[in-house]
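Some structures to go through are shown next.
Next come two complexes built around chain A: one with chain B, the other with chain C.
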Partner chain A sequence: MKKIRIVLPAVFLAVLVCCLCAPISSSIAAPDVTHFTLKNGLEVVVIPDRRTPVVTHMVWYRVGAADEEPGKSGLAHFLEHLMFKGTAKNPAGRFSRVVGTIGGQENAFTSSDYTGYYQRVSRDKLKEMMEFEADRMTGLVLTDDVVKPELNVVLEEQNQRVANSPVAKLGEEVQAALYLNHPYGRPVIGWRHEIEKLTRDDALAFYRKFYTPNNAILVIAGDVTADEVKKLAEETYGKVARVSELPPRKRPQEPEQRSVRTVTLSDPRVAQPSLQRSYLVPSIATAKAGEAEALEVLSHILGSGTNCRLYTTLVMQKQIAVSAGAWYQNSSLDDTRFGVSGTPRPNVTLPQLDEAIDAVIADLADKGVTADELERAKSRLVAETIYAQDNQATLARWFGGGMTTGSTVEGIRAWPDRIKTVTADQVRDAARQWLDKRRSVTGFLIKDTARPEEKRS
Partner chain B sequence: MTMPVTRLSLLGAVLAAALACSDPAAATKIERVVSPGGIEAWLVREPAVPLIAMDFAMEGGGNQDPAEKPGVGHLASSLLDEGAGDLDARAFQQRMDRSAIELGFRVARDDFRGSLRVLRDKTDEGFELLRLALNAPRFDTDAIERNREQVLSGLRRETTSPNDIGSRLWWRTAFPDHPYGRPLNGTLESVPLISRDDLKAYTGRVFARDKLKIGVVGDIDATTLGPLLDKVFGALPAKGNRASVAPARMEAMGRRLFVDLKVPQAVLNFGGIGIARKDPDFIPAFILNHIMGGGSFSSRLYKEVREKRGLVYSVYTYLLPLDETALLMGGTQTRSEKADETLDLIQAEIKQLIDSGPTADELDKAKSYLKGAYALNFDTSTKIAGQLVQIQLDNLGIDYIERRGAMIDKVTLDDIKRVAKRLLDGGILVTVVGRTQDNPAKKEGG
Partner chain C sequence: MKKIRIVLPAVFLAVLVCCLCAPISSSIAAPDVTHFTLKNGLEVVVIPDRRTPVVTHMVWYRVGAADEEPGKSGLAHFLEHLMFKGTAKNPAGRFSRVVGTIGGQENAFTSSDYTGYYQRVSRDKLKEMMEFEADRMTGLVLTDDVVKPELNVVLEEQNQRVANSPVAKLGEEVQAALYLNHPYGRPVIGWRHEIEKLTRDDALAFYRKFYTPNNAILVIAGDVTADEVKKLAEETYGKVARVSELPPRKRPQEPEQRSVRTVTLSDPRVAQPSLQRSYLVPSIATAKAGEAEALEVLSHILGSGTNCRLYTTLVMQKQIAVSAGAWYQNSSLDDTRFGVSGTPRPNVTLPQLDEAIDAVIADLADKGVTADELERAKSRLVAETIYAQDNQATLARWFGGGMTTGSTVEGIRAWPDRIKTVTADQVRDAARQWLDKRRSVTGFLIKDTARPEEKRS
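Our next item is the complex of A and B:
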């Protein structure tokens, strides 16, 4: 229902949503989160929500696309698909059939840093879900009969998400150009020529290395108590033996970035040009104290909603843009991205819009933000955490997403309090230090006029 | 880092909305509230989270747009929080921001929909801003032009998006002479023509107390809510002045239309005759659709088209009962050279299901799913408020949540077979947008 004014490419929307919903507060009637670890190393987080007799059951693995070997891009995501292909105990289809029969919802997702699986079911089915999920933690069985059609499904997914969309293709190019050395430059879904060559053996090797209770986090939100969950977790997941020991997740890091980069994607199907820029910035996990919080507030003041600097200056006052906004992907194990985007009005060129965006950022870095802007941004960010308490699945995602990207339960719970302490000087300093164009890539999406027009009926 | 890539695209939300059907599991207690001024709302009290969510609907959506100016209702909806009363757009938006108030407005084909989400401590401010938006929208020139540019920008993007090209072609072919054939957000030709008077005329005719349905959820009681309802809706006219809309008869059934567009993946939309929400056989049809292509990993189309053959990432069907027609819709996307094979397979699967009906086991599992899944529509305030409005719009009765399970239970295989004969009667209209040179049968047919 919410009106979207900042027209962002689809790939960025998910990110934007994530960055708005940073974690939740312990100080504002927050749920009573419990955290413990089983003997086999599985971490467990319980978030009670007793309003409706349903639970959200999620397992998060500390593995994502950035943990793939070079040349095997898309493997983490391909394995995610294959995790639905059955085990010795529960042959292909049984788990989904049970979820379907009881009226549950299920799905899975992959990012650069994590892979997750979930079911949303009525509370009395929780143990059954835990048994199934514990079984496929180490019991996956794969045959070429199921692997080969699924590879085609993933290729169709790549078509649907990326290949059919010029905006999404440009997003991949910008990210690849931003990361000079870190595997975050690879698309989570993979490069098509590499996805095509992924095999059953690749998937199983990856699975055996990373899918082990000591590399997973169980998050349960809903109509349960911590005691109940502890007992059920010991009876199910507690029986899964460790299959591997994993070293710390150390990926190749970025060198000092020195050059202003631009990439241009031209396609005959671009009827509306647009611009998207990413800066390399610290994440919650890599930032110095207070820096990620300042970047969060900065992204809000600079580019969230219709009261932000970019919108009021470029869309309302100068009237050179149709939309403009910014986002900050705060949860990330290594250095992350701060994004800016804009869509020009007709007769405004992308370089003109680019320059105008630079001027808005320069002005903020030079003069700082007003007390009113700071207060509005902070109260809005804190309010988001209260709204989030209305949705158990959102809460489960915050904790799972935070804990797989280097945050602790305590750090996640304290996030609203950390936001409240941000000062105007910190926001200005964050803009000065991190929104340095030499740390950025700007992508231009333009119409390719060299080729003949598409014929449409 | 980056977009999570999920196993199934996010059609679930769309499907759930389209299939606003129901079951008991939810321990949801609904109270009928009538304000001192006589305005009715359904309320679910929930003190656990300090917020209030309200959804409402008023009859008269895109179907009220002037025939030569589609997009009026859509543009008007985008402007309600862009200046109202004494507040210009900037001032209005800042007041929303300061109190973290979320207002949402949109037009559907038959209705105007609105929503408010507000923290308990900001209740009065939230209802006050909503009152201004509905009763005194300013439609200032600069706000109109800004929003018009945004709509036009979106429309330009749509001209080369296979999904939008396909959907627009489908609707205008199926309903060439009816408001349903015209796009809700208008066209590149119509939107520049929309005047301030058109916008005011839309809200003047549609915003009224008759045909108003309201659902409220959160930390608020009936006594507190009543006067707030009067404040927001009390000054609206007692009766709307809506244009009557003729029944819509779907055309072009049995046709396949191709649009050539250089994209790697073809986008397929299809649809045919469905069933009205008030039809006594709606529930059997709803179950049949679930088995065919409903929202789970066990539908026939999911298994045959995706799982066994790897032809697609997503494939789905859904019932779309509208006020003036009823449809069964579906869609999928596949590499261009496989478009025909995929379509033939989908049509064969649908035909087989309609001719022979499901198995007893499929029926049992579908019933079990539909009963169990209902509770998941009631686990957030926003979702519950939406359900309260939908149940009222569908005229199902305040006890529907309790009755729904039994309605599903009593459906027999014979019921399903009977209703199957009515669904898609006359065939389906298909649109395919992709590279037709890859496609051996780019002629119309089938």
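Our next item is the complex of A and C:
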């Protein structure tokens, strides 16, 4: 069975926000969520979902690329790959083989703030999954025989996802230019020259520091009760000893940003020029009361769907763009990104599109939003929350993703109600305060006609 | 006596290159330099200069801002200030008072790669200086009573030098945008919000890690012999025990850079718009044979004096600039910066100046330099070396600065001969390879007419 792992570097986050992350925040009063902590410090969240006899079993570690030591970029993601290399009790391949044999699904993912592993299986297999996952929480065995080939796998992944993708490469450089000081400037997949030097010792040291029950959250969604899960968790994870004590996650913060930045990448492989801009803005964890909610609504009014300001103005009215949108990466332990992007029509230059985007934002910041826009955005955000609950893994992801980026179970559950309180003035003020170009980097992707196409190997 | 300390953040380096650093490299076959190491690991360089009965006494530590832990920016420079706060044997103020009383001079300075302290005194006071400096190498005593007020001094320095200077603030952001991964992106003086949080414990931990005889270089220039210095050094510094062992200085390196970047700062206090561009280029320590020498000659042909390409083309012929120049920060442990700057005439925009600079560089990269230009640049570089030897402190600085950034005594002494071997083809190739805009950040400083002048406190 092919293991699918999701790494979330700069540019993919934008996509992921649309597919998964926006719903993280748009949760949930509905399910009867239980939250408790085992004696060894493992937090447990149980989300009952009794429609089918299936469970989603996830373990989230409070560690991601932003927790790496400088010079070791890509280590969190590399370790995620290595977590499939077996323990003394369960040699490499056995865990995945069992998941496959019973018709389950598995996955793993790394972001700047967290690393997670999950399986979706029939409910009677839950304990077995817990045993496997508890075993590899501290029991991983790594030899150079398995580490070195896996490094080549990761390098090939970097090659496919970034080195051979001008859009992704530009995204990396925009993010590096946005964060002057914070490690969020570092790509989750790592800088290639640093990935190349990662070793077994690096991976083991990172593992022993961060993979410990007191740094993890177990999230179970599905056809189970909290009592059942508690008993099973104590029998499995409860036996895993704490292997380290971790200080609070304090990363270097950004200085006051005062300059407008651009990054221009020209590449012969570019078929279609495009523009991507990121602003440094507060996340749910760092915002003052109401700010993150207003930014969320703003991102929808400005740039979500075909009724949004950017689309109606640039694509439909002015007909200078073929696409335009905005996104807000709301869940992030430290200050995060608000993104705007667009693709010009032929014969429209990127600076022209850039100016037109500025005008749309300036108009919103000046005149504010209409009552109708506000209501539509809020209704859609709340509705998305409800639809998204249909997917068990999404439900589990909301809580895991929120809790590893500074939110509480209560805060996550209250999000739809928090969205409902947003006023038109708050949305306008968010645009005025945070969509300040002096806190932004604009990336331009252009076709390089001077150089022949080159493929990096 | 007022203590003068030099901190070298982004923008000041450019100035320093012109005044001091270029000569660092343009040294010296002349003086009979001796180099030896004491048993405790302290390296000693003696540069006889018998014209007057004066000595320059310098201690250089192989530690600077790029060696700080992320989140503690400004710590190397803050510790430099705190080094004047006294020891158990010599309470605060005594050392400086003695230097003043005997009519000496003293100074201290911090860069990304080194921290140094020096006194210039009559030769009979050398041993006393060595005793003082050896005493504070490991004997510093710090209490909150002295640390906290000094933090305010440093914050005021940041305020004067950076926060209230739009040129310097732009320089900081250009440097942060140039270095995507390497700590050279961090200002030497520190980010203000991080300076504010520096503590006595931070300073002491940094001191105990890096201030040890095996991490220092003693440079003595003046009316002394190597034998005299050796005897005195053994009697003073020789008694200082090693307090730590340090690993090689390996900082996170830059990924391959592929994008053209701009940083625009608009500020109501700007009297005169200007442009500053930095390219990421090899330093003496990281270059292949001949490359650093070619970059040095290139910087002179392109942008030094009023006969250089930028000045003659932009100021004299096209009359679109009031000034234009270039510099190369040759001594740097890791990849360094090649800078180009200009100030437009009224009614010339910064993008126009930017394009005109591009054209000058493209022409040089295309057609190369003339035999006459090459000879003039090389002669002037060698001549500067000879003139500069007239200043004892400059001589000492060449060796201290070179040796803390990866050069050897032999390499430093051979520099003028290395410059003499540079060919016209090498200069053209250096321009082609390294003055690639995809390895650069261009900063634009413009007057903000929309906002009233604000003074940050």
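Quick note on the criterion: the second predicted complex is superposed on the first by the 423 of 457 C-alpha atoms of A that agree within 3 Å, B and C clash if a C-alpha of one lies under 4 Å from a C-alpha of the other, contacts with A are read in each partner's own complex, and residues count from 1 in each chain.
Keep this in mind: a contact is a pair of C-beta atoms (placed from the backbone, for glycine too) under 8 Å apart; a residue touches a chain by one contact, two chains touch by 3 or more.
Remember, predicted model here, so these are calculated numbers, not experimental data.
A.B. asks: Can you tell me whether chain B or chain C touches more residues on chain A?
C.D. replies: B
A.B. asks: With both complexes superposed on chain A, which partner does A:262 reach: first (chain B), second (chain C), both or neither?
C.D. replies: Once the two structures are laid over each other on A, A:262 reaches chain C alone.
A.B. asks: Could you look at A:189 and tell me whether it touches chain B, chain C, both or neither (first, second, both, neither)?
C.D. replies: After superposing on A, A:189 lies in contact with chain B but is clear of chain C.
A.B. asks: So, does A:156 touch the first partner chain B, the second partner chain C, both, or neither?
C.D. replies: A:156 sits against chain B, while chain C stays out of touch.
A.B. asks: Could you tell me if A:252 is touching chain B, chain C, both of them or neither one (first, second, both, neither)?
C.D. replies: second
A.B. asks: Give one of first, second, both or neither to describe whether A:343 is in contact with chain B, with chain C, with both, or with none.
C.D. replies: first
A.B. asks: Please work out whether A:329 is in contact with chain B alone, chain C alone, both, or neither, and reply first, second, both or neither.
C.D. replies: So A:329 only meets chain B here.
A.B. asks: Examine A:181 and indicate which partner it touches, taking first as chain B and second as chain C; both and neither are also allowed.
C.D. replies: In the superposition, A:181 contacts chain C only.
A.B. asks: Using the superposition on chain A described above, determine whether A:379 touches chain B (first), chain C (second), both, or neither.
C.D. replies: Only chain B is touched by A:379; chain C is not.
A.B. asks: Tell me the contact category for A:351 with respect to chain B and chain C: first, second, both or neither.
C.D. replies: Touch partners of A:351: none, neither chain B nor chain C.
A.B. asks: Spell out the residues on chain C that touch chain A in their complex, using ranges where they run on.
C.D. replies: The touching residues are 70-71, 73, 169-170, 173, 176-177, 180-181, 183, 185-186, 191-194, 250-253, 255-267, 438, 443.
A.B. asks: So in the complex, which bits of chain B are touching chain A?
C.D. replies: That would be residues 1-9, 12, 23, 25-28, 46, 48-51, 53, 78, 81, 89-90, 93-94, 97-98, 100, 102, 104-106, 113-115, 117, 119, 142, 146, 149-150, 153-154, 156-160, 162, 165, 169, 257, 259-265, 267, 296-298, 306-314, 333-335, 365, 368-376, 378-382 of chain B.
A.B. asks: Taking the complex as given, what residues does chain A use to touch chain B?
C.D. replies: Touching chain B: residues 1-3, 5, 7, 10-15, 29, 49-54, 64-66, 77, 80-81, 84, 93, 96-97, 99-113, 116, 120-122, 148-157, 159-161, 163-164, 175, 184, 187-189, 222, 268-272, 305-307, 312, 315-316, 319, 322-323, 329, 331-333, 336, 343, 345, 376, 379-380, 383-384, 386-387, 389-393, 405, 454-457 of chain A.
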